[in-house]
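After this come two complexes, each holding subunit A, first together with subunit B and then together with subunit C.
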Partner chain A sequence: MSARRATANGAGFVAVALVAAPVLLGGIYSLLAALGVAGAGAATISASRIVRVLSDAETWRSLTWTLLTAATATSLATAAAVVVSVRLQESRAGRVLAMLPLAVPHVAAALAALLLLGQSGLLSRLAFAAGWVSEPAAFPVLVYDRTGISLIFAFAWKEFPFLALTGLVVLQTAGQSLHEVAQTLGADARAIFRRVTWPLLWRGMTPAVLAVFAYLIGQYEMAVLLAPSDPLPFPLLTYERISDPALNRRGEAHVLGLIALLLTIALVLLHERVRETLGGWMGGGAHDRAADDRGERYDA
Partner chain B sequence: MTLSWQHLVPWSWHVVRSTVCAGIGRKRGLTVRLTVRLTVRLTGGLVLAASCARTPASDKAAAYSPATLAVMPWDSVVARGRGGTVIWRMWRGDPAINAYVDGWVAPRLKERFDITLQAVDGQGAEIVNALVTEREAGRGTGSASLLWINGETFAQLRRESLLGGPWAGRLPNAQYIDSSSAIVSRDFEQDPTGYESPWGTVQFALIYDTGRTPDPPRSFSELASWIRAHPGRFTHDQGFSGVTLLKMLMYAQGGGVAAYQGGFDDAKYIAGRDSVFAWLRALTPFFWRKGATYPPDVAAMHRLFANREIDFSMSPNENEVLTKIRQGVLPPSARALLLRDGTIANAHFLGIPFNAPNSAGAMVVADFLLSPEAQLEKRKPDVWADGTVLSLDRLPSEWRTKFAALEADAHALPSDSLRRYARPEVDPMYHERLQADWRSTIRRATR
Partner chain C sequence: MPDRAGRDRPARAVRGNVLLLTVLSLVSLAPVLVLVLTAWQPPARYPSLWAEAARGNADGNVWTTILQNTTLGRAMLTSLLLALLTGLTATGIGFVAARTIARISVRARRLIAAAAFLPVIAPPLALGIGVQVFTLRLGLGGSVTGVLLSHIVPAAGYLTLFLLGALTAYDSRMEDEARSLGARPWQVLLRITLPALRGPIVQAIALGALVSWGQVALTLIVGGGIVRTLPVELLAFVRAGDDRLGAAAAILLTVPPLLAFGLVQAGARRTGVGA
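For the complex of A and B:
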């Protein structure tokens, strides 16, 4: 038994090591490049690149802007996903429709947003034709704009089906029986949502929501088509540095890459923390325990 | 602790390779320093596994560097190139260029020299980064044999000793090159010294719509008045073309290109930059979106121009307007426009990396691309419309007639005005600094 278990653990460790190796090696290489001993423009070891990036206001402006747009888009996508997974449980056609954006590549989605929301786009032309604006240029600026409206909407539209899919699966696998128990115990629809559906969704979807947020921080293709040139989104700033005409500035891209890596690690740790606080939702029998908790409350 | 890649390179890659590949593992305790070296080797391209499996089949060809090949009879170079594959790292962003390379050049190379041409994406900074990584990984041979480069990329590749050569003068078709032209014989003021072979020439032009702007501005001062009179209708991109426009403005305000020739001069640069930025500060409030944001590249400029959000686009190639009208990207009434203050012309080149797996094949390809036949095809407006680097006077008469016939295109700019307004590039450092300073001041100006 214990020998078999050890073998299984070994195999698991090898699998995890294979997955982690590129990230670890890449991280170490980035660290070397950030210190100026590897990559284009490498010379002698120095912390000057790190100092320069950390003391540059552009880094923090870019990071703040990127975190804000990614967080707003993730919130919108999550809200839409919750509505879809609760309302469209029964409607097969509705579920299929909601999954459509999954099939659209990110670049295509961004181009669509550009053609729809640009000042020379479809909406602007319609508004002009309807006489709402005096000229297409008077249409509100939604693309390449500092508020990042088009980027946020395009992000949210593209990511919500993934979250909705997770939500639907969570409710289908665990929701039905709990729903019935709550009904039997006399809970009304609002109470069921508040006490059963929402907690289930929240616990089940948290990893996916964090993954979407982390992904959006590093999303390049959509940002390059829709984002403003000032503040520059974090992935665009990183690319600008790795292709900087001055070779000795390219190491700064690795510093930015490491900041992004640290952010992701922080998110993973946050996720672990949330999981611990919530109790062993992932483990077997967790729903039953949760159901017991709810049952007690409804009793009281 | 001083550690640099120069210290790391001599340490033999084969030690790592034999150790890891043979599965011997760690016999001796690795010091921290060794670990650092190992990591650089392992991560530099993550090519370890690949190199275990693949002992370069083209080791024989790799033994001949471009410099060695350059002193051999041309027939032996062709013989060594025959039957091989040439991987060509180039910009793949234009369908017209891709069609010329994949549909016209590649089949002819296969047929005549049995060379398989594989064009792969990669330009400028990416080429430099990739070659640095390949060198750090310690591979004997790299991936690409031919590179499409110019200007600052050439400067960086030479500074980092990443190019093979000299070889370019050895090509039989080099005899036709217009070596008296300042545009062809210099690359951003640098002497190519045989480390790159000229391939084509382009000249910067603004693009306007004859329907919308029947009487366009023809100098920077007329452009300034036009911008004031038409708020929100002008901008430039953040990339190469935008900076080229600013550099032309710098020439125009600082007494012409002659003032900036002869290498980079910090004081001249500062004065030139300040005059450009003063011009911009006065005018960006009248730019598209009041200068709060700028299109990322020329493709975005074309889109905004075609959608009538702005009235001028631009291109480093005066003939791009022809190919883009044909592709339906620009309206048929679009035309190229030269400013009388002068517009920057430059040449683009072909280089062979220091670790090319097939230098002989690369030289055969470069020579074919320099042939009157290939240069003429490339020059056709319905192909790519890229300028030739050959001197018509040096060509056999049959070819001279064919080239002359092309100049009669009604949409194209007449060649005599192109020549009259052509200005050469200056030291790449001017471009580099202007781009960095524009990004950190004008683009970033918080309103």
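For the complex of A and C:
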């Protein structure tokens, strides 16, 4: 290797470090702050902040609520994405319509949900025109509600295009020829779906589904506009702690941040496992892998 | 692309698809329409859909409202500046990082790619509270520069992975050839590498800009409420009960990504790649 090439590589590793270092350093700092040796109100090392956060019922209520909301929204978005990618493969208009929410930033989508689903929102007004409700208070509470309905819908609306896109790519790259083979062999539409389309889809989409779930756990700005204040979503709880006037409570934000980070890393590891076991299509071997597996595991 | 729509598809399935398309257009368009409706007219009294005195009134024109509002204009400029600089810087860092990762052994590549994946998947708030201390230490808390640095973190990780994909498919032997013919490194970069990877690089800049464009959590934490981007102002408008300006901000936020997607789609069609 020439000296010049070595310098180029050196610059490259600096760039790699630039990419990864902020999170690593930030994580280490958060760990120190969680242990009480860094940041506001720092003193000696102690696990008291961690214990306080972990023994606080609010932490667990917030975490459970956030996980449930994210899981429901992810399921909803996945179902919609499967339907769209299977039924509208050949429809250009369908694909364009399905991709539209991608262009709408999360905060804008959340405001739209607020204006649409609020008690004096557009749906409520349409319900009034239809004679179903007589005043805003008669319209069901869908915003800031404990069930998180508006947040779930807004999450699902915003994330389903990404999943639909993934589904469409999976079917386009791997499904085409298998579909034709199955058809030639006399399989009817239902058999093709059960034995070709569905196995390809769920294998191809699982990593994306996990990514969406992980993303939604940490989503801040949609929760800020649509979620209830009790239980407070996890990202909002973290923000409340980091801006707490009582300085020693700020350290608790770092504990919460670390919990969120660990949760996401666990999901990424799961994602890697899933990709390995399913022989992810991202590796480019989807077609071969699907062909290799033909028959044995489709009904599993 | 071969058409397997099947001329003999049962009429029931076609009807089902028409229904599905109708539902899909309602679901996809309704949120956008409600934003336009809210921004377009002064607040309409419940249960009316339209404001009474809207038409003919200067106040009824959304563009007048937007143009007259300096807060919105300034926020738009801040957001555009941040998005552009994030896109360019993160593409630069991502490109150099991806090139290095692409050249090393597959085993090490997986590890380093996983490290680049961290900023992408880290929850913005967890990332924000971790990064905040460094921007404060650098004296950049509450400054546009500090916010820019924080936006670059997730964008650079994302673009490293994106460009790694493009570089894996890229054949670097042409560079070796140019080098053996005596080309200098900058000549190779300007005449071979950049032209060959023009498409992915332009897309990377756009993607990086989008990461910054919609960012809220990092802006709030690192910017400390002092740096006012368009999404931050949107939240402030809605909190102050001004849905109309909030909706106007939402539309301003939606137009650039829409244009970017349109361009990418058009580019993909012209080159025969993808949808």
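Before moving on, here are some points about what is shown:
Note that the second predicted complex is superposed on the first by the 262 of 300 C-alpha atoms of A that agree within 3 Å, B and C clash if a C-alpha of one lies under 4 Å from a C-alpha of the other, contacts with A are read in each partner's own complex, and residues count from 1 in each chain.
The rule we apply is simple: a residue touches a chain if its C-beta (ideal position, glycine included) is under 8 Å from a C-beta of that chain, and two chains touch if they have at least 3 such contacts.
Remember, predicted model here, so these are calculated numbers, not experimental data.
With both complexes brought onto subunit A, simultaneous placement of subunit B and subunit C is prevented by a clash.
After overlaying the two complexes on the shared chain, residue contacts for A:Pro199 are found with neither subunit B nor subunit C.
Of the two partner chains placed by the overlay, only subunit C lies in contact with A:Pro235; subunit B stays clear of it. Shared-chain residue A:Pro207: touches no atom of subunit B or subunit C.
Contacts of A:Ala260 after superposition on the shared chain: subunit C is touched, whereas subunit B is not. More residues of subunit A are in touch with C than with the other of subunit B and subunit C. By the touch criterion defined above, A:Val141 lies against subunit B but remains apart from subunit C after alignment on the C-alpha atoms of chain A.
In the superposed model, A:Thr44 makes contact with subunit B only, not with subunit C.
It is stretch 222-230 of subunit C, out of 60-68, 96-104, 222-230 or 258-266, that runs into subunit B when the two complexes are superposed. In the superposition on chain A, the residues of subunit A contacted by subunit B and by subunit C overlap at 22, 25-26, 29, 38-39, 114, 120, 136, 224, 242. Residues of subunit C that touch subunit A in their complex: 2-5, 16-17, 20-21, 24-25, 27-32, 34-35, 37-38, 46-49, 93-94, 96-97, 99-101, 103, 112, 114-119, 121-127, 129-134, 153, 156-157, 160, 185, 213-214, 216-217, 220-221, 231, 234-235, 238, 243, 246-247, 249-251, 253-254, 257-258, 260-261, 275. Residues 4, 8-9, 11-13, 15-16, 18-20, 22-27, 29-30, 38-39, 83-84, 87-88, 90-91, 93-95, 97-109, 111-116, 120-122, 124-126, 128-129, 136, 157, 168, 176, 179-180, 211, 214-215, 217-218, 220-221, 224-225, 235, 238-239, 242, 253-254, 257-258, 260-261, 264-265, 267-268 of subunit A touch subunit C in their complex.
By the touch criterion stated above, subunit B contacts subunit A in their complex at residues 1-5, 36, 39-40, 42-44, 46, 124-126, 128-129, 132-133, 136, 152, 156, 159-160, 232, 238, 289, 292-296, 303-304, 307-309, 428, 431-432, 435-436, 439-440, 443-446.
On subunit A, the positions that touch subunit B within their shared complex are 22, 25-26, 28-29, 32, 37-40, 42-45, 58, 114, 118-120, 136-137, 141, 144-146, 224, 228-230, 240, 242-247, 250.
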